[in-house]
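Once you scroll down, you'll see the structures, which are given as structure tokens.
Same chain, two partners: chain A is paired with chain B first, then with chain C.
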Partner chain A sequence: MRHTLIIAAAVVLAGPALAQQKSAADGIAEYRAMLADGNPAELFEAKGEDLWKKKRGPKNASMEQCDLGKGQGVVKGAFVELPRYFADTAKVQDLESRLLTCMERLQGFDAAAIAKTPFGKGEQLSMEGLTAWISAESRGLKFNLPQAHADERKTYELGKRAFFYRGGPYDFSCASCHGQPDKRIRLQDLPELTRNPGNGVGFAAWPAYRVSSGEMWSMQRRLNDCYRQQRFPYPGYVSDVTIALGVYMGVNAQGAESIAPALKR
Partner chain B sequence: MADPMRIRAQAAGDKTTVRVLMAHEMETGQRKDAAGKTIPAWFIQEVTAQLNGKTVLTAQWGPSVAKNPFLQFNLKGAKAGDKIGISWVDNKGDKRSDEATVS
Partner chain C sequence: MKTRRLVILSAFAALVAGCASMAPTPDYDALMAQMMSSSFRDEGIAKVDRLQQDEANAACSKAQGAALPDSVANPIQEAALKSVRMPADGVFLGDWREGEKLAQNGRGMTWTDKSAAPGANGGNCYNCHQITQAEISFGTIGPSLYNYGKLRGVTDPRSAAARPVVEYTWTKLWNAKAYNACSGMPRFGHGGLLDETQLKHLMALILDPKSPVNQ
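After this line comes the complex of A and B, so read on.
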């Protein structure tokens, strides 16, 4: 009798401890699953599709002639092959820099002015919608960035250097947080970006809707905030280093399934 | 004019699940802008759901509802092909109505 009581007490004690262990990461996952059904990114997707087809800008033209790498006007599957080399600009471009090229050439917008616009204002709002829709058109596809062109391979190497470059008042690099598995900031798991971190994780999860701020974040904005957290100077919008990091992460994520636009805390 | 809603309505037997995403700032009136001035409250006050023109749900909302709100509810007696209409009015008198077909 005495024995059974002790065993019962031990079981009762172990119960809450186990539950607590589960609640840390699983609680967040549960919360995400609850919200995933009504991801407000859908609202941005709808806006983006409209922006793609609408005649806008000084030239009153739509974006439908824009070449995202798979031919003029082809949107499906384009996202999972970006950044890539474009012969007409002789540059490696990510989705956002490519969109800027199209907005300038087709619609007559001033790309440099849009690049200087703060996130969430003016034409940057159009970028939120466009990136949300274009990434959604490749949802469920696997990343397969081309590395055939010499510039693409060079940009990968540049991205790798930028990823491991330590500096700033904290002597941080991207690799400080994203160079090993099972790291987290508060309750957010940090993906290991030196290899494929898995389907829908890391590079395969952006653009994403941030619930806490109610904002749609593109990869450029994500990187901008990474640099802020490292206490580095802010990188320029669609600057070489941000595109190079995109190539580095994208090539490493080869074969990962894109879930963008995703939902974040 | 406010941005359109996304409405999905799926029938399974007698039960229809309606999911609505609304695009709205839902400003609480508690926040201050960069200059320290209070940002005036701006939120959806009334939500109405209709099945084939007949009101089946009304809700009064306040400033504590999140930005870009998501609403889900179940409905009895709707069939595939029926029309679900959702409309909202905010505290500035702005309105938005959208419709979807039950599938």
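After this line comes the complex of A and C, so read on.
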């Protein structure tokens, strides 16, 4: 499968170099369509479902009693309402920070240690599977983040401020790339994230399988790489700023249909 | 003693806020500062001091995409204009071929880059601008620079007639905030991102009549 993808990428990417601008865009659309025939994210979904049900960790327990916001063990529909406020932690949490809470409380894992683990290593590999499966259980549903709790509204406002926060050697903010409609970096389309950019675009497309790196990327990992390219220092895994940005983008995406886990270049 | 005074003060503050509305407005400036400082750490060359904002970045962040009032924008632009250093030898243009390489190069200043020295940095130009016609993989955040010199009537960049355009362009590359307080373009000279020689190559790419940009 991987081989087919690489060959498809090589064939289609080599083509546009000789052609005109219009056909380059067409070529890329064609490349994406070819890739969509088989999304390797499915493999991660299967692994994630297994991880959810399997007894693991120091307490030898499954995740089936985890409350993702819609009650213990309810997975379907949970993803499109996250991040949200959780009374038992008194925090606004995104999917990954909530999973860490459950892995610590139910299974006895050390959440802080997992948060410090580099992406793609150790228990971070479990996060890839879990986020892929849990998001897939909400595929086709519309984002509808709660904003009833004062902390949810406060976090939205902080996320908005973080989105427009310019700094670093290039003076970039999230808005530098994602504050206007119909812009690109090189040939890559940039979703405008200050409003609902449409079904399956922006916030509604992550987690995603990235063909270019052959990796499954969660929203936390996507945000981490945004900050890298923004030339900022390193955001902590599930740090407050990443949760706040999740609330800001998620609330702005109200009504957008989730296609996660999506397929990306 | 100190704690008690704080308690009384905050009780008073809550009372005052309570009169205005049931839920007091959070102190977002303080919460934001706390959130940013607790969320990031150093990694490689990207240290947390990068979060510190100068006056321009603070004002433009606060505006959240809206235009700044002149009273705020003008002093920022004036200060940016003063920061510009013209080339020491009075020569503004280098080699457009080197400029094209720099324009193509999107590297530099991330936590996965080894060095923050200008020699390790690209210009990142094609990320946001159309430049030559041959390169179809260009971004659209900035305006097209195709025919930049030609459209401005630059036939001899060393001539007195071309001087205003040449100086404007150097200034824009050195510190884009000189003409637009909230410009989206990095301050390549002012920020020490590119050195004088590199800037001259970029100047040549868009101003040299022999550059493919001006064909």
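Everything below uses one rule, namely that the second predicted complex is superposed on the first by the 244 of 265 C-alpha atoms of A that agree within 3 Å, B and C clash if a C-alpha of one lies under 4 Å from a C-alpha of the other, contacts with A are read in each partner's own complex, and residues count from 1 in each chain.
Operating definition for what follows: contacts are C-beta pairs under 8 Å (C-beta built on N, C-alpha and C of every residue); 3 or more make two chains touch, one makes a residue touch a chain.
Because the structure is a prediction, the values reported are computed rather than measured.
Under the clash rule set out above, the superposition-derived model of chain A with chain B and chain C shows the two partners fitting side by side. When both complexes are overlaid on chain A, the residue A:194 reaches chain C alone and has no touch with chain B. Within the superposed three-chain arrangement, the count of touched residues of chain A is higher for C, of the candidates chain B and chain C.
Of the two partner chains placed by the overlay, only chain C lies in contact with A:164; chain B stays clear of it. In the superposition on chain A, no contact is made by A:98 with either chain B or chain C. Look at A:241: by the touch rule set out above, it reaches chain C but stays clear of chain B. In the overlay built on the shared chain, the residue A:214 is in contact with chain B alone; chain C does not reach it. After overlaying the two complexes on the shared chain, residue contacts for A:56 are found with neither chain B nor chain C. Of the two partner chains placed by the overlay, only chain B lies in contact with A:47; chain C stays clear of it. Minimum Cα-Cα distance between chain B and chain C in the superposed model: 12 Å.
Looking at the complex, you find that chain A touches chain B at residues 35, 37-38, 40, 42-43, 46-47, 211, 214.
Partner chain A is touched in their complex by these residues of chain C: 23, 26, 28, 31-32, 35-36, 38-43, 46-48, 50-53, 56-57, 60-65, 106, 109-112, 116, 124, 126-128, 136-141, 184, 186-187, 191, 193.
Only residues 3-4, 6, 19, 21, 23, 66-68, 70, 72 of chain B touch chain A when the two sit together in their complex. Remark: chain A residues 16, 20-21, 24, 150, 154, 157-158, 160-162, 164-173, 175-177, 179-180, 182-187, 190, 194, 228-229, 231-236, 239-242, 244 touch chain C in the complex.
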